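In what comes next, chain A is part of two complexes: it sits with chain B in the first one and with chain C in the second one.
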Partner chain A sequence: MSMITEITLIAVVVAVACALPGVFLVLRGVTMVSDAITHTVLLGIVLAFFITQDLNSPLLMIGATLVGVATVWLIETIQRSALVSTDAAIGIVFPLFFSIAIILITLYAGDVHLDEDAVLMGDLAFAPFRRVDVFGLDMGPQSLWVMSVILVMNALFIFFFYKELKITTFDPAFAAALGFTPMIIHYALMTLVSLTAVGAYDSVGSILIVGFMVGPALSGYLLTHSLKKMISITVLIAVVNSVSGVQLAFFFDTTIAGMIAVVTGFTTLLVLVFSPRKGLYKQQLNQKRARKLLDKRIKTLT
Partner chain B sequence: MLIELFTILSDYTFQLVALGTGIIGLLSGVIGTYATLRKESLLGDALSHAALPGIGLAFVMIQRKELLFLMIGAIVSGLIATALIQLITRKTLVKLDSALSLVLSSFFGLGLVVLTAIQNNPNAQQAGLQSFIFGQASAMLQRDVQLIAGVGVILLTLVVLFWKEFKCYTFDPMFSRTLGFSSKVIEFILSMMIVLTIIIGLESVGVILISALLIGPSIAARQWSHRLSRVVILAGLTGFFSGVIGTLVSSMGDNIPTGPVIVVVVSLFVFASLLFAPKQGLIARRIRKREKQKHFLTRLNDLKEGQS
Partner chain C sequence: MKKESAIQIDKLTVAYEAQPVLLNISLAFKKGKMTAIVGPNGAGKSTMIKAMLGLVEPVTGEVVYQDVDQEAVSYKELKNRIAYVPQNTSVDWDFPTTVRDVVLMGRYGHLGWFKRPKNKDREIARQMLLKVGLPSFASRQISQLSGGQRQRVFLARALAQEADVYIMDEPLAGVDMKTEHIIMKLLKQLVAEGKTVLVVHHDLQTVEEYFDDIVFINQEVIAAGPVDETFDKQTVKKTYHRDRNLGEGE
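After this line comes the complex of A and B, so read on.
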């Protein structure tokens, strides 16, 4: 496989893996919590690295994922104390964790093979250089494998718990009355979100992941009323965004993940304006039509 | 140890940087109070990220690292982001948090695209542009501090002048409209003030962490009082001391970044306030609950004794 094909493939897998849980984040209105998670898993990565001394250890992924889940727990605990509103709870927890991570990275910069820039923007361009070898056989880039596994896990979770996810998302009280535990589904979703963030951070960087999660799902949300259709549209848009983002990044010779984030913002804006049912343009049109109708009625009256 | 501390304290660079970060902390404490009271604290997070492409594009235009021009670029892209977020949340079905995440990540992505493009076309002047991401307080110059102080005086004057209007608008926007204040004008002034505060903080604290300075001090202050005037003053003081203490701690070590240390100090203030605040703090609450239980038990025992 040529390098650009491999990069495109990784970008597509990362984008779809992020977009799948994103559907439920958007519907539940907790996308900023996922923004917090993507920042705090960095602390998990740094702490786990100090223990394992190996950036590729699976323990690193588990530790970082746990820190992500702990973030959700801490935010919700502070919220429940009723001293602080939800958004402020998010706003005080994640900068603290992120700051500690940055301080640790700069203090031990010599020992840790992590630098701030890589953490922020990732380096999709270098992803094909880290390869998996099995008995001397080249099995393709490592991040492709890692993200494919995460993608499959996300897809399986949505497939098997579709009913539970749907009901706890749209009517948590009803779900609880039926005997589901919304809390368990919520934490399972958040665990997957942080696992995805951990897997994606070295190719996409911690800040842009949230765009990968929210953008496509938001487009899907604006284009349809059915959850199943929303999921398929989301996946489709994620693929389109990542493929065109990679092409544009090569054309302009710039950061790939950043370019995909820009494309994502652009397509979402397009959908926001031109969505046939809920778009801004359609709203304007409807208003104009309603005004004309009103004028006509008034004329017939007078 | 004490001598070491004294040498740091009497160091001119330290005094300059501490004064700069202190004023930034003071301002973000005061202005941030309005943002958190209106439950829009994450707006600051989105705006600070959105300032990055403005900085990059301003640099592309003038090819120099002139702070004032970069700031104007940051203001423009910050205001575009604000307008976009308000348009999305008001005119479509999209919720505030989704709009924030979308705008935050796509603007930040654009910022990285521009900065990388600048890096790939080397220019002697571009060094240090990256420092806006994490901030670099130690690079603060005397004229930077003068600029920060100047903006600070303007912002604080505005707060004092429009005290009534801001207060009314923050707590009851409907009522302030019936009184004849234009909500659009007040809202514009408030967002402009938030954007300005973020931007003067960018160079020293960085785009990612400046939002913590806006939120933290006001949350801490909010635990100690219910009066707006006291909360604003306390938040300003908390922000000021966080800036100074953070700068002090980071100058004690060799390679400790200032911005993150300031955030850690602010967070310590926040968690201490949440725990120890006299009226609504978690510990005070626990003690009161236990006293109530004890009281209830003794009453119960009294009743029992009375019966037998």
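After this line comes the complex of A and C, so read on.
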């Protein structure tokens, strides 16, 4: 495989893996919670690194996922007990965890790969250089493997718990009354979001993961009234964004993850304005039409 | 332990924080009857229902249901046999889902985890939508419905549950005459099939026309029994003119 093919492949897998749970983050209105998670998992990575002293240890992933889930739990506990809004609770937890992580890195891990820049702006361009080899046989880039596994997990979760995700998102009280514990589904989703965030760290960096999660899902949301279609459209847009993002990044010789994020932002805005169902342009058009019709009616009345 | 009534509330006390909202409520709801739950705003009607459904934790007391074998069971064991339409359905109206889909959700409880709705479930959902008079709205996104139409969609969802007990918190609030008739006709049908129906109701004019039994509530049970014996001016006055903070005032 050529390098650009490998990078494109990784980009697509990362984009789709992020976009899938993103659908439910957008529908549940917890995109900012996921933004917090994608940053606070860093604390988990750092802590696990201090224990293992090995950047490739799977413990890093487990530690990070745990901290991600702890983030959700703490945000929700503060919100409930102190009666502050969710975004205020995020404003407390997110900077706390994140800055502890940054301080730990600057104090103790200054000379390893764990530097702030790499963490904030991971880079797809280097992803193909970390490879998996089994008995000397090159099995392809490590991040492709990791993210493929996460992608499959996310897809299976949505496939098997589709009904449960749908009902606990749409009407949690009713779901609870029927015996579908919304709490379980919620934390399962948030665990996967954390895991996805950790997996995507290397290639995308924490700033952009949220864009990968929210952008395509928001476009999907604006384009259809059916949840199944929303999921398909979201995946499709994630693929288109990442493929064209990689091409553009090579063309302009710039950051790949950054370029995909720009394309994602751009397509989302495009959909926001031109969506045939709920777009701003359509709304304007409808209003104009309605006004004309009304004018006519009023004229015939007078 | 066998119980005659479909639902039995025993010495139920509910409080939000330190403030008691319901005090020592004991009631029995008869099977195959339509019971009105009546009381002023803030009387604790919705709270009582929530306590019956395990949505709020009571301070003391218990609620016992009767299952098909007439054994006494708790709410948990009977979940799928109870349909509840809350006073304010707090769903996300912009959720990408259609009217048909929402009604189909009424079947989820029967399916349990993992399993998907089958054709039989879709057929039941279709019939219930027909019953509430909204078949032509099946493919609509739910935000594109009027308040009264929304009420009916959630009624259809409750009907799709094919439960034994139906608990409706003000199903007639803000609906027009025609919709009120549709809803009452459906509830009467349920009662005729032997199901137990509880309705929180505010319109005292229609109590005698619609209901078999009535429960007057204002923090405590003021009166309960068959409408023709219990429903009179004095009881109404007693229920509505009670100052909650001073006890029996007037």
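Definition applied: the second predicted complex is superposed on the first by the 296 of 302 C-alpha atoms of A that agree within 3 Å, B and C clash if a C-alpha of one lies under 4 Å from a C-alpha of the other, contacts with A are read in each partner's own complex, and residues count from 1 in each chain.
Please note the rule applied: a residue touches a chain if its C-beta (ideal position, glycine included) is under 8 Å from a C-beta of that chain, and two chains touch if they have at least 3 such contacts.
Treat the numbers as computed from the prediction; the structure is a model and nothing was measured.
A.B. asks: Quick check on the superposed pair: does A:A177 touch chain B, chain C, both, or neither? Answer first, second, both or neither.
C.D. replies: second
A.B. asks: Contacts for A:M230 in the overlay, against chain B (first) and chain C (second): which applies, first, second, both or neither?
C.D. replies: The second partner, chain C, only.
A.B. asks: Thinking of the overlay built on chain A, is A:I4 touched by chain B (first), by chain C (second), by both, or by neither?
C.D. replies: neither
A.B. asks: State whether A:G91 touches chain B only (first), chain C only (second), both chains, or neither.
C.D. replies: In the superposition, A:G91 contacts chain B only.
A.B. asks: According to the stated criteria, A:M259 is in contact with first (chain B), second (chain C), both, or neither; which is it?
C.D. replies: Once the two structures are laid over each other on A, A:M259 reaches chain B alone.
A.B. asks: Quick one: is A:F160 in contact with chain B, with chain C, with both, or with neither? Answer first, second, both or neither.
C.D. replies: In the superposition, A:F160 contacts chain C only.
A.B. asks: Is A:V26 in contact with chain B, with chain C, with both, or with neither (first, second, both, neither)?
C.D. replies: Once the two structures are laid over each other on A, A:V26 reaches chain B alone.
A.B. asks: A:T169 in the overlay: touching chain B, chain C, both, or neither? Say first, second, both or neither.
C.D. replies: second
A.B. asks: Just checking: does A:I207 make contact with chain B only, chain C only, both, or neither of them? Give me first, second, both or neither.
C.D. replies: first
A.B. asks: On chain A, which partner touches more residues: chain B or chain C?
C.D. replies: Tallying touched residues of chain A, the top partner is B.
A.B. asks: Which parts of chain A are touched by chain B and by chain C alike?
C.D. replies: Touching chain B in the first complex and chain C in the second, residues 29, 221 of chain A appear in both lists.
A.B. asks: Quick one: which bits of chain B touch chain A in the complex? Just the residue numbers, please.
C.D. replies: 36, 39-42, 44-45, 49, 87-88, 91-95, 97-98, 100-113, 116-117, 120, 130, 133-134, 208-209, 211-212, 214-216, 219, 222-223, 253, 255-257, 259-261, 263-264, 267, 270, 274, 280, 282
A.B. asks: Enumerate the contact residues on chain A facing chain C in the complex.
C.D. replies: Its residues touching chain C are 27, 29, 160-164, 166-167, 169-171, 173-180, 221, 224-227, 229-230.
A.B. asks: Which residues of chain A touch chain B in the complex?
C.D. replies: Going through chain A, the ones touching chain B are 26, 29-32, 34-35, 39, 78, 81, 83-85, 87-88, 90-92, 95-96, 98-100, 102-103, 106-107, 109, 116-117, 120-121, 207-215, 218, 221-222, 249, 252-255, 257-262, 264-266, 268, 272, 278-280, 283.
A.B. asks: Hey, which residues of chain C end up touching chain A in the complex?
C.D. replies: These residues of chain C touch chain A: 53, 55, 79-80, 82, 84, 86, 89-92, 95-98, 101-102, 105, 108-109, 111, 113-117, 141.
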